[in-house]
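Here chain A shows up in two complexes: once beside chain B, once beside chain C.
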Partner chain A sequence: MALTGKNKERAQRVGMGVGVALVLGWCLLPVVWIVSLSFKSQQAVTNGSPGFLPADGGGAGFDNYRQVLQDGDFLLAIRNSAVVSLSATILSVAIATLAAYAIARLEFKGKKFVLTTALVIAMFPVVSLVGPLFDMWRTIGLYDTWYGLIIPYISFTLPLAIWTLSAFFREIPWEMEQAAQVDGATSWQAFRKVIVPLAAPGVFTAAILTFFFAWNDFVFGISLTSTENARPIPAALSFFVGADPFNRPASLLAAGAVVATVPIVVLVLFFQRKIVAGLTAGAVKG
Partner chain B sequence: MTKPTKDKGRAKAAKPVESERSRAETNLARKLVAPALVLMLLVTAFPMLRALYLSLFSYSLSAPDDREFVGLSNYGTALSDPLFWQDTGNTVLIMVVTVFFELVIGFAFALVMHRLIFARGVVRTSILIPYGVITVVSGFAWQFAFSNNNGFVNGWLPFIGDDFNWFAQYDSSMIAIMASEIWKTTPFMSLLLLAGLAQVSEDMIEAAKVDGATWFQRLFKVILPNMRGAIMVAVLFRALDAYRIFDNIFVMTAGANGTESISFLTYRQVVEQFQLGIGSALSVLLFLSVLVVAFVIVKLFRVNLADARQES
Partner chain C sequence: MATIEMKNIVKKYGDGFPAVNDVSIDVADGEFLILVGPSGCGKSTLLRMIVGLEDISGGDMVIGGKRVNDLAPRDRNLSMVFQNYALYPHLSVYENIAFPLRLQKRPEKEIDEKVREASKTLDLDEHLERKPANLSGGQRQRVAMGRAIVREADAFLFDEPLSNLDAKLRGQMRTEIARLQKKLGITTVYVTHDQTEAMTLGDRVAVMKRGILQQLATPRELYEQPVNLFVAGFIGSPPMNFLPATVENGQVTLPFGTFPLPAAKAERTEGKGLLMAGIRPEHFEDVSVIGADSVDQARTFKATIDVREWLGDQQYAYVPYEAEPQVQDQLRELARESDGESLRTQLVVSLDAASKGEDGEHTTLFIDTDQMHLFDPSSGENLTVNA
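Take a look at the complex of A and B:
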């Protein structure tokens, strides 16, 4: 090695800096791009405005955002996404908590079956369910309703929620519950004061990941809805054509996309550590 | 708290009290997992069986009364159609190429994050942003980025003319689709790899260093073999996820220039053309091909599924 200690250290620091810059560039460039696009005026986009930033005179300020937020269909899509994703998250996490408790704490025959089922469903090609669900939902009247989306979202987020939660529950020192009871707490107090605070981070992480899945879903969103009664944001964005079908209003779409992404980015900013823990808990022992 | 019945058989024979307790435990556990199990199977196994049934009929929703039993002929139609094989080829190509790049880039990112001393929080927060961005939005962002009318890619790439239309032919359309897919999912891969990297013992790496191993030797002889489990699980998860690629194709090309995936073909038959018979056959074939892919990966790389399930 030709490098002396000090130079080597400096080289490592520079290398690290370059690495960090590459990671940040990778993650943020397309996001900055869509934000930049959302500030281009529709006139400029129609005439063609290549380039990363809005050209001189090609900016639109917040006009695109104003227009998107006054668009009735878009607002309904946000409402649908919010209602459907939140309901699916709450129900899925509640059901998964019961199952994960059993998996983490109890010995029973069939545990393997539950875990294998969850694994298979996590990898299930969702599109192959579109046909039969489309047919069934139309028959029983769930087509184009909130429930018609909430039910499949619950089913498909359960595996992720069960894994995440059982990984967290396994780490909880359950004997503390008994210790509290020995010290004179009632079993309800022991549960509420000892177990709930310990379990809450896991439940919360599972909820965030579940919400991501539901908010992101596109396959069910386009195939099990047909009107703005239930159509969620991703589907609404993809059907958003504007006045001229051959020339999509890119900057308007970009503004809609930014609005749809904001809730997720806010969640990421606040709960970064929990999300990382949850994502890796399901897949790697640790 | 001791786990009472690790060894059920013996407990049963030796201590009848323990056995009763374990039976009660099993009962409680079954009650607790039942809702989850029922819901998971209700929306997957049941419709899948229904697809299996419908695939035996010539059945179109535009003429539901003409439903007619045709045996396996829907499968014959699908399997003898060159479009089916072309779309399967596209799907496999996308799976192999994206997983390869995600693995390489994701590992590089994981190495950076693992060694990082400063700006840890910023990097980890940013790496989650592509994961959180809706796939449809990622598709739009990249479609507009590659657009010759409003994008910046042509201007930035040195050997590409400013008016090159990425979406006019097969090769460049596929590159654009894969760019969006790789961008969006590499962070997930890198986080899984980071967790694996954290489990490689520093002592072992240090020992190899003392023995005079170069950086490459340490990487290929010590680090990678020791995180094999994590790599394989990440590959399995991502490969099966890539195999169902749909959103990006729908948004970016809508299958134009032969860029359709097998999921997109299935969707088109069912939702756009109302061909529920042949669509169901395609659903079953899609499901079977995912099983085949999973089987091949598990066998080929000897993935230990207990790693994925967190058992053992």
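Take a look at the complex of A and C:
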């Protein structure tokens, strides 16, 4: 029996809904589970608390969060992560914007070389660099400092930022700048007042990608720091051992993980429209 | 306001190819000068050298008595309208127009006054808060002009500003530009490949070909006294007819017959072998329309018209003829140089709208040899200028 147009449309919509629900469930289940864990008491987790909602008497309310946020080391970790990630993002995007502009606009010797090298660096396995960096940083005195993390973050995020941004700059017609220069702008003014605003979606995309990388990094965080002087959140979470090393405070860890995730989620929601505009604007001309 | 003097301007690119070769043009204060030519003739390059977006390889560019070769665009105080408008998409119409003033750090009150004045002149008042993306082509064009006039620059430069508009709007904007230029009285250099714009707008027109200035003259002079084959073929639509010709005993022999030639023209061309005769479509007429009695019978001939295009106020008729291969080659070359294509050797004549007749029928045409030009086929030079 052939489906009528209306029924077919309805069936399509239902199918679509089911599909979306499946994908969302698959992606979000772990996140939701961590949130659920973070509201259970330590006792309940140890004894086994299979339900999604805390069993009677097994709920901890916001106790875990209170405990996490009262933990001095964890607060310092948040501070470290914030400072390191933001500095790395700002510096990386600033450098990448200038570099990408030069690559998009100027013809110079070694342009191809710069671009390929950037790509090679982006493909370099992070782990292979940790050892040498550890040695170097200890000699130079950058070990366990903010700079010791900011520098590798910048160097690993720059390539992607440069590639993204130079694609954006290439889309901007030359005439824009020429018009600005005829209107009386210096090259720098033309860049700042015309080119950068036009490439704003690209700048935001690069900034968010960079921030993700820095905020989520674990390898550098754990290997290049030793104290709460510079240790970022992902590394700090792994040191959340509690009194009994064989019985890790799962609910506390979960609360810590949620606290670490919130800034990223907020950031993404805040810049979501700009990123979407950015990702498509680079691909489609006009 | 200022004069623009170009002295032996040369532009050579990296491969040594001269895109602009030894061009000298003086633009008077308040003059409207048109640079015209087929694509790749160097007209845009020359304009960009005036404004400073292109380096000058040789010669002097003097604006308002000051040599500007080494000045950056922003120090030349010129304003330019680009072919694709180059509006700033992130700024409103108001801010687009205000942009040059803001760069000069003028006081807010003055900026507002000037922007409002420009927007009034260009009828943009209701669009001031909109973004360029939401405007039509004609409106964008006006915003680009607003940005140019708001500055009180020494000169306006236009780079094919109307080529992105549709035909009707182009006509309106052309008139608008002419009116604006008259009103403001600012020295203007205008690049176009459209000869209608060139003829209607310019006080003087510079015709260029392959980087070389061919002729610099008023539109009327270009049309009536072209200095060479290229200018003759480029200016005018439909273009001038070119025919192989020989002049002997005060008579010119064309593929259709032999006609008397005015003494002044004959004198300069007699005994020079095979020449190229140029005669415009409107210098033919249907004898049956003007009446056989009032026509010099020696200057008529029978023609076979194969196609007529009746336009209401006039009509074009096409008369095919046979030509020798070497003549055909040269005609083809000529057509190619002015961005056209000649498929067959034919005469285009513009006749009175009243002229009737079946296609393929013989019609007696009058040819006004007083208006004919004769060109040296090898150099292309017009042998009968002002004769």
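Basically, the second predicted complex is superposed on the first by the 252 of 286 C-alpha atoms of A that agree within 3 Å, B and C clash if a C-alpha of one lies under 4 Å from a C-alpha of the other, contacts with A are read in each partner's own complex, and residues count from 1 in each chain.
Definition applied: a contact is a pair of C-beta atoms (placed from the backbone, for glycine too) under 8 Å apart; a residue touches a chain by one contact, two chains touch by 3 or more.
All of these numbers come straight from a predicted model, not from anything done at the bench.
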{"item": "Touched partner set for A:28, first chain B, second chain C, both or neither", "value": "first"}
{"item": "First, second, both or neither for A:230, with chain B first and chain C second", "value": "neither"}
{"item": "Chain B versus chain C as contact partner of A:195, first or second or both or neither", "value": "neither"}
{"item": "Touching partner for A:119 - first (chain B), second (chain C), both, neither", "value": "first"}
{"item": "Partner chain(s) touched by A:160 [first = chain B, second = chain C, both, neither]", "value": "neither"}
{"item": "Partner chain in contact with A:257 - chain B first, chain C second, else both or neither", "value": "first"}
{"item": "Greater residue coverage of chain A in the superposed arrangement, chain B or chain C", "value": "B"}
{"item": "Partner chain(s) touched by A:206 [first = chain B, second = chain C, both, neither]", "value": "neither"}
{"item": "First (chain B), second (chain C), both or neither touched by A:267", "value": "first"}
{"item": "Chain B versus chain C as contact partner of A:110, first or second or both or neither", "value": "first"}
{"item": "Common interface residues of chain A - those touching chain B in one complex and chain C in the other", "value": "175, 178"}
{"item": "Residues on chain C engaged by chain A in the complex (per definition of touch)", "value": "51-53, 72-74, 78-80, 82, 84, 86-90, 99-100, 103-104, 147, 151"}
{"item": "Contact set on chain B toward chain A in their complex", "value": "1, 3-6, 8, 22, 25-26, 28-30, 32-33, 35-37, 39-44, 47-48, 50-51, 54, 61, 105, 108-109, 111-113, 115-117, 119, 121-138, 140-142, 144-145, 147-152, 154-156, 162, 183, 186-188, 191-192, 194-196, 198-199, 229-230, 233-234, 237, 240-241, 243-244, 246-247, 250-251, 263-264, 266-267, 269-271, 276, 279-280, 282-284, 286-287, 290, 294, 305, 307-312"}
{"item": "Sites on chain A touched by chain C in the complex", "value": "173, 175-176, 178-186, 189, 193-194, 197-198, 200"}
{"item": "Contacting residues of chain A [partner chain B, same complex]", "value": "16, 19-20, 22-24, 26-28, 30-31, 33-34, 37, 40, 45, 48-52, 95-96, 98-99, 101-103, 105-111, 114-119, 121-136, 151-152, 154-156, 158-159, 162-163, 166-167, 170, 174-175, 178, 212, 215-216, 218-219, 222-223, 233-234, 237-238, 250, 253-254, 257, 260-261, 264-265, 267-269, 272-273, 275-276, 279-286"}
